[in-house]
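I've put the structures underneath this note.
Heads up, the next two complexes both have subunit A, just with different partners, subunit B and then subunit C.
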Partner chain A sequence: MSYDRAITVFSPDAHLFQVDYAQEAVQKSSAVGARERFHGALYDHCRLTADARVLINRARVECQSHRLTVDDPITVEYITCYVSSLKQHYTQSNGRRPFGISTLIVGFDDDGTPNLYQTDPSGTYHAWKVGRSAKAVRELLEKSYREEDMESDALVLKLAVRALLEVGAKNIELATRERWSHEGAFAASTSLHAHPTFASAIRFWNQRR
Partner chain B sequence: MEYLIGIRGQDFVLVASDNVAASSIIQMKHDYDKMFKLSEKILLLCVGEAGDTVQFAEYIQKNVQLYKMRNGYELSPEAAANFTRKNLADYLRSRTPYHVNLLLAGYDDTEGPALYYMDYLGALVKAPFAAHGYGAFLTLSILDRYYKPGLTSDEAVDLLKRCIEELNKRFILNLPSFTVRLIDKNGIQDMKMPLLDAK
Partner chain C sequence: MRPCQSMALLEVSGYLSHSGFGKQHVGSRQTQLVGPTNHYIFGTKSQEFAVPVGNDPSAFLKSCSHEDGISIDMNHGTTTLAFKFRHGVIVAVDSRASSGSYIASKEANKVIEINPYLLGTMSGSAADCQYWERLLAKECRLYKLRNKQRISVSAASKLLSNMMLGYKGMGLSMGSMICGWDKKGPGLYYVDDNGTRLSGRMFSTGCGNSYAYGVVDSGYYEEMTVEEAYELGRRGIAHATHRDAYSGGVVNLYHMKEDGWIKVCKEDVSELIHHYRKGMF
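So, the complex of A and B:
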């Protein structure tokens, strides 16, 4: 019996094949590095732009809805939670396939704290540590980050690793992904790009292997 | 009673609203803001049934912002006014109509300043000057007499002062203070006008 037809079926070894295939879709090269903006949160996604548009639209409506009901802007975690929850529903619904999208959701909360979250097709999300050592990392990047130096991918990685080593990181994990540029079609958030910490994080995401 | 007024000038729109929030015969607030910022250069002034005003205005406000997020650019004042009117008209023949009277004032970078008058029945007109409330009965004639196209901001402010003076003189209800704002190519500016406040 094929366990990869309907999303709702578990395989004997407890896999949801459709979710795995969705993650495969994200892994494959020529991912789209498209950027969307909603409410100060920058949204960077990989693979299927059509899927991405649907997710982004839902996220945008949710942002405004939140403002309407509680009279406050969303926190980055809230919208990440919402997006992941949405993705999870598509792993447990009849006749639908999961979104072939992983996202990086980046932004500042109303009180100024920076946040970086990642979501997967499975509907899980992880926070990236922009925490304890953020200040030290930011200071180092502000000192040594220069736009011209960011031309070469190797240099960007080097700077990022240096920054992490400065704050005494023992185990460093670098996520890299190929990026296929789709200029002109999407509005990019320049204010966040100007922030060195996030510019590096975004470049991690978009590196050529 | 609640009062709204708008005057379109050469390259700006001047709007004012009274600051009283009443409940029956009691003044609950003397510094209540009846203007809702729809976007950087559009203001929605809203009076009418308690509750309906804020509910409807905030709904329009958030939808205008959503449009901006989705499309990357803002709705023009004309588009926003028509969108607002359509919502009013749709809800009118539902079980839950909104009883609100509105003035929408905005500055379009290509078309210039615009003032739109809307009422609770879903009427919409673009006008050089407009007012809502009992005060409108007294001040529209002042505006008819002294308004001319292409007013400068000083002239418009003087015209507004004349209107307020008339209200202070002939209107039985006390309107002690007003919020006054000016919209032009630079956005929305608050104007401090202590002279408008009744002595």
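So, the complex of A and C:
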């Protein structure tokens, strides 16, 4: 008897196979998905861009709906929580499959705090801090981080790239996020502004796992 | 398509949860606290009370007014005021609950303490105010638990005005001021049963409000000290209760500061008026 035909069936060793397969789909991706933006948060996803479109649309609607109902802009954690609740819902309903997407959600809250969250197909999310998963990266950053360097955009980027090269990255992708200006324009340039630790959202890709 | 798949499609497209007759179902589904995605919906997707089919509350209420038929006098009549100044927000209310010409209570509590940083005042129908503002307090608490930060004054007042808008035209009567101190500083919003929601520096509600406006408008200036502001709030309510038949009792005075509200005093208005009379004549 196979336990992977339906999403809503646990296997004897407590796996939801469909969710595991969705996570496999994420691992196997080697291309960068399109970058989307909604209401102040930058959203990066991988693998099934069709799934991503649906998720992004729902997230956009939720952002506006929150704004309408509560009159305050969302926090990054709120929208991450929403996206992951949505993904969890699809792991517990009949007739559906999980989203084959992991997302990175990065943005500034209304009070200026920068935030970076990651979600995965099972519906869990975690906050990222620099060096969360790479001890070597953290050690290098601690050794070479100098406060005065953080004023210069080029030096911050250089430090970030050096840190990744140190751990043997073959393909690096850098995205930067600048705080909203008064006109509300989103600058996708590499000019950095904010808190040094979160000066760039770094996505680390391997060509092959 | 198998039944479970078609149900899923209906649910995803929102067909099932948005029934256009939500207000009119007899014995409808349980009040929805979470939407289909298990995410909470701020009490907007379905109403608190299901109204029976064929029932029209506003027509019923018209038949209860003085002009025709039986007259049911709702509890109305009060004076409340609130104003922002340099050192926060002052909130002052009277304490008379009247129903028609009968004084139901001389020490009604017209300020609801939602949390240490939020206050709500009540005027209009006592039952409506008490119920909906307690519901607001529940939503504020849930907001804090889910988002790990206190709700802003702007959001709290918006939630209350959304509740009012859901029952617009059905005879609710509530005029309330939501006062607080959040990340954006002191906040003061006026919310009423029509769904009006206004941010401002000074408001007064209730049938004694015109008297209160006169007193506070003439005595207000930006550089007031804290003691002067307390005195202005007390005077506003005291003079309004002196002239308005439906206001009276005691003045309950609160001061909203950066670290929360404090209850300043609770003084009998007749004693206050006697104290002011010495200066009056």
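Following the convention adopted for this analysis, the second predicted complex is superposed on the first by the 130 of 209 C-alpha atoms of A that agree within 3 Å, B and C clash if a C-alpha of one lies under 4 Å from a C-alpha of the other, contacts with A are read in each partner's own complex, and residues count from 1 in each chain.
Note that in this section contacts are C-beta pairs under 8 Å (C-beta built on N, C-alpha and C of every residue); 3 or more make two chains touch, one makes a residue touch a chain.
Small disclaimer: the values here were computed from a predicted structure and weren't measured.
Visitor: Under the stated touch criterion, which partner chain does A:Phe99 make contact with: subunit B (first), subunit C (second), both, or neither?
Guide: Neither partner.
Visitor: May I ask you to name which of subunit B and subunit C touches more residues of subunit A?
Guide: Comparing touch counts on subunit A for subunit B and subunit C gives C.
Visitor: Considering only touches as defined above, state whether A:Tyr125 meets subunit B (first), subunit C (second), both or neither.
Guide: The answer is neither, since A:Tyr125 touches no partner chain.
Visitor: Classify the contacts of A:Arg60 with the two partner chains as first (subunit B alone), second (subunit C alone), both, or neither.
Guide: In the superposed model, A:Arg60 contacts subunit B only, not subunit C.
Visitor: A:Tyr82 contacts which: subunit B (first), subunit C (second), both, neither?
Guide: The second partner, subunit C, only.
Visitor: Report for A:Tyr117: first if it touches subunit B alone, second if subunit C alone, otherwise both or neither.
Guide: A:Tyr117 sits against neither subunit B nor subunit C.
Visitor: Counting contacts the way the document defines them, which residues of subunit A are shared by the two interfaces, the one with subunit B and the one with subunit C?
Guide: Shared contact residues on subunit A (touching subunit B in one complex, subunit C in the other): none at all.
Visitor: Can you check the complex and tell me which residues of subunit A touch subunit B?
Guide: Checking each residue of subunit A against subunit B gives 37-39, 57, 60-61, 63-65, 67-68, 187.
Visitor: Mind listing the subunit C positions that touch subunit A in their complex?
Guide: Checking each residue of subunit C against subunit A gives 2, 4-5, 7-9, 36-39, 42, 44, 147, 152, 154-155, 157-159, 162, 183.
Visitor: Okay, in this complex, where on subunit B does subunit A touch?
Guide: 58-59, 62-63, 65-66, 69-70, 72
Visitor: Within their complex, state which residues of subunit A touch subunit C.
Guide: Touch residues, subunit A against subunit C: 58, 62, 69-72, 75, 77-78, 81-82, 85-86, 88-89, 93-96, 111.
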